[in-house]
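Reading through the structure tokens given below for one structure.
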Amino acid sequence: MTVTVRFGVVVFPGSNCDSDVYHVIRDVLGQPVDYVWHEETDVSKYQCIVLPGGFSYGDYLRAGALARFSPVMRGVEEYAHDGGLVLGICNGFQILLESGLLPGAMLPNDCLEFRCGWVNLRVDNVDTPFTLEYHRGEVVRMPIAHHEGNYVLEKDPLEAVKKHCGITFTYVDESGRPTRDSNPNGALLNIAGIVNERGNVLGMMPHPERCSEEVLGGADGLRVFRSVVRYYS
Amino acid sequence: MRFGEVQGVLLVRYRGTVVVTLKETIFDPQGEAVKNSLVAMGFSSVTKVRMGKHIIVYLEALNEEEAREKLADMARRLLANPVTETYEISLVEVPD
Amino acid sequence: MTRARPAQLVGGFCVVSYRVSCAMGGFVLKTQSAEDSRPWREMGLKDHEYRLIVEKLGREPNYTELGMFAVLWSEHCAYKHSKAVLRDLPTRGPRVLVGPGENAGVLDIGDGLAVAFKMESHNHPCAVEPFQGAATGVGGIVRDILAMGARPVALLDPLRFGPPDDPRSAFLFQGVVSGISFYGNCLGIPTVGGEVEFSRSYRSNPLCNVMCLGIMKHDELFQGRASGPGNLVMVVGHSTGRDGIHGCTFASEELREDSESKRPNVQVGDPFMEKLLIEACLEMMRTGAVVGVQDMGAAGITSSCAETAARAGTGMEIEVRQVPTREEGMTPYEVMLSESQERMLLIVAPDKAPVVRETARKWGLCAAVIGKVTDTGDLVVKENGVEVARIPAKLLAEGAPVYEPASSEPRYLRETSSFKLESLPMPCILDAVFKVMSAPTVASKAPVWRQYDYMVRTDTVAGPGSGAAVLRVKGTRKGVVVSTDGNGRITYLNPRAGGMWAVVESALNVAVTGARPLGITNCLNFGNPEDPEVFWQFKEAVAGMAEACRRLETPITGGNVSFYNETEGEAIYPTPVVGTVGLLDDIGKRVSPWFKREGDIVAILGQMPGDPSHLAGSEYLERCFGLVAGRPPEPDLVLARNLVEALVRGAGNELYSSATDVSQGGILAALAESSFGPSNDLVSSSAVGGAEIEISTGEGHRLDAVLFGEGIAAAVVSFPEPNLPEVTNLARSLGLPLTVLGRVKSGRIVIKAREEAQVKTLLDIETRALKDAWSQAFAPS
Amino acid sequence: MRFGEVQGVLLVRYRGTVVVTLKETIFDPQGEAVKNSLVAMGFSSVTKVRMGKHIIVYLEALNEEEAREKLADMARRLLANPVTETYEISLVEVPD
């Protein structure tokens, strides 16, 4: 199956994982990919839009709060409403929350410090276009690097998220249990990534692009991108 | 009082303050850490600390009402996150 | 205040109670009143320096000019006390594309690629405001690398603080680390290495050195030259505020105490702006519009203009009213001396200004033409077309006097050197092992570096916590390897040896990965050079460094000197820090420090410790006996060089399973850390290794010196048994001792001692227990 | 009004507020970025934004004077950075 999936990687002022995602899609996955400048408003020609990590607008005020008002987000919102695939990684996840494309908000990590390192994740929903290549309940390893990953959501919307299997990645220990110790930031229910009800918008704090090549210590993340390709096959 | 002038209309300068605080129901790890530090420093009578933002916005408007409306709009749309935060605004006219 | 401390004046001045009659700063000082109030003194210039200025200028400088001289002729910018000594350092080599004199050194790494790198200190700002001091320190060195045309790809941060249980030191430590985390993470430049050491001597004077490394193609190289009269001078990035101008704020009134609040001496870092500046400048430089680039660091516009013009032998005319300012009513003096952060100076062909402006607009930055390059050789400053300053650029940038201060061997050395190490009692080994491994200086620094994004850019193949950092170069098989090292305690006890060890240790750190060390940068942190004992330390350390560099063939391509790290006459340990850059031809053959397979042979390649002198200045001595004493030996440089060779060649032939150098904590710490495995998991997991080794003490040797001795050039290596003959041959061919100690064993560290025919178990512990002690030494209280 | 009791002494509960702002002359990149975003969002009459902290401290004290002193002490020693920031404190007695 040689399918071509065109990815767009949004570049906000202050994005800094844009070139990392671009590298994985082009050089590792072998798919076409463009940078999408934050002033563009039409992203409809892409089959998947990635909002990369970094510090858009310095993450001043709140992480993702200022980026959400950049012109490209109007296009991304429209695109998502039309069913387009949107993957928000780290800062991209924070922007999705701020823009309301995903429910909830981020608070500073409960340790009150930036945290960078590897964590264990359990893949809870393998029916999304981003997780087709994982097994349900599988424990994978990915790096995180953030200061505001302490996910919060009020009770009612949380019930709704649970109901549509929105929790996609959970911080767990090596045996797959979401313990207090395996939670690096205090996130509610150890939530590391969620998907919207329709399944086309995924936000995750871990960085799949940082673990898409063995030389970097693991390749569990590549399957996120491969899943998207498979989805279109 | 200083006036700006836009299209022949006199504008007044205001100094608005938007105080953004976490909703009472949301746990505030930063406030908790500050409280613990204060207690450790000997301020044992501190029972709780909540951290918020104090945002000062200088703006021009036709009158106080308009300034207040604008400020509320900024707070709603950008300065506070409705999921976790609430805000209060206040306003003073500023002399030159 | 016990002593005038010019370093505090760098980049700004003390309050001058001094009447200024106009807001322009362009007036000439009347000789009489000038002599009376001697404003240059408050600005940090000596009387004879002022006279030199008058002589060279052929007239009295006006206030603005005096300010410009004072900053550029400060120790920080002019290297008045160090220049003569630094000349001894070897700066040339086949790999050196750019040596000292430019914003950063550049080394050829083949395939048309080059690495730009440099280290700089931000010690004094960190002592005042650790968070912003460290943040702006990162910002400054990144702009140096950017100025060479390279994309900054890695940061390292050698740090020194007072004891972590001292509240002031803990505050500084926390502030500096979070400042680096805040700034570096936001920039998207991984902080891949560094050091943190603790000693009482740094209590009031913490050290914050930052090294940055960038990668570029050869033809992307830029230099800080303002060539081509008629070319435009542009400033890009932040607007200019009053930041960093300590005193001398102009107002038509006498300055009073309450003016203090008007003079922000703390520069605030804006990493978001710096990130945009990096992207915008790289884009501008690739368009061909840019002729020369210079970062704006200390002394802002004045130094960047003077330096670029001086290097090119040109002059420059600046109109201060064209400089975008963020505050109203700034005087020429303030504009010229402001140290506002996140600004770059560009020299642009006259018709290319629109290209630069357009790129700046795209990135949301302002870019303004502030003047032009001339052929007069003078740096001319105008305000609204009226000349307010005119100084020959070369005089400003290169004309400062060079001093050769008095030096004398410090008195303390007599006492420390004569200490009898042989007289030490032998402590309980188990106790000593735990004490040394949980010493702040030896303990895991994961609590520091897990606050740094060390993976962004996805090139970090080995990050912090693994000795040297290994970065892949995308599109090639190559790896760039980098490490920073320095040992203040050793340098204090034997400055010449300390200078040598910094070079040797850094080279070994790089070599254990299999990379060949190519070149180094340094940061020389010392006390007041006007104190003869301090200057003696400085001279000795540099001499040692120079000799080691020559032997190891690692030229110095640039660096930084930080003097006046002292408070009330108490100087820091003399602390030369070295950053070495090395090259791995095949990243697939890199060697990591961790034991891989049970049953592998564990051996010491290089010198075996054991002589009491190896304990001089050791962590063990300080931790277990509270002693900083002894006379550390100079390294055997020939042996060190052969050891580098053995490590590089052995790795190339894929002989080793693991390799790590022996430094603080001796072979015990090296064995333990090889056993611990990586600490990159945020959740504690993964099994740990271990080793079972047997040591024998030679004649006159002490057991504790074997385990904890530091003054040796050695590496702990492990390899599969079938490789033993080849490793042995390699060592023999290079004249290197090879001592087989034992084997890798999973989960336990067992140390046995052989004395005569008897074998005694000295230590038998679970690796996990020791790792816990080592990794939790900094656990939040 | 609620009273705590320590060694037989009645304590009053207060809600103190410490507003920490950057000194006027210190550059505020955050405020600058927020201002630019507000202008881009259409609030073109905004001329300047400064970000500060709004810290609410619940504490017990013998009387208002003591509470005020303690609060000032906390602000000086921990809540504000004297090198870059200034603070203002206010206080209200809180009912149960």
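Lettered A, B, C and D in written order, each chain numbered from 1.
Methods note: a residue touches a chain if its C-beta (ideal position, glycine included) is under 8 Å from a C-beta of that chain, and two chains touch if they have at least 3 such contacts.
Computed from a predicted structure; not experimentally measured.
Contact count check for A-C and C-D (C-beta pairs in contact): higher for A-C. If you average the Cα atoms of chain A and of chain C, the two centres end up 36 Å apart. Separation between the centroids of chain C and chain D, computed from CA atoms only, is 38 Å. Chain A and chain B have Cα centroids separated by 31 Å. Multi-chain contact residues, meaning those touching two or more other chains, occur in chain A at positions 57-58, 60-61, 66, 69. Annotation for chain B: residues touching 2 or more other chains are 78-79.
The multi-chain contact residues of chain C, meaning those touching 2 or more other chains, are 270, 272-273, 364.
Chain pairs that touch one another, listed by label: A-B, A-C, A-D, B-D, C-D.
Contact residues of chain A toward chain C in the complex are 13-14, 16-17, 19-20, 23-24, 27, 53-55, 57-60, 113-120, 143-145, 147, 173-174, 181-182, 184, 207, 209-210, 213, 215-217.
Those residues of chain C that touch chain D in the complex are listed here as 128-129, 132, 241-243, 261-264, 266-270, 272-273, 326, 340, 364. Residue ranges on chain D touching chain B, taken from their complex, read 4, 11, 13, 19-21, 31, 34, 37-38, 41, 43, 45-61, 70, 73-74, 77-79. In the complex of the two chains, the chain A residues touching chain B come out as 61-62, 65-66, 69, 97-98, 103-105, 107-110, 112, 150, 152-154, 186. By the touch criterion given at the top, residues 57-58, 60-61, 66, 69 of chain A touch chain D in their complex.
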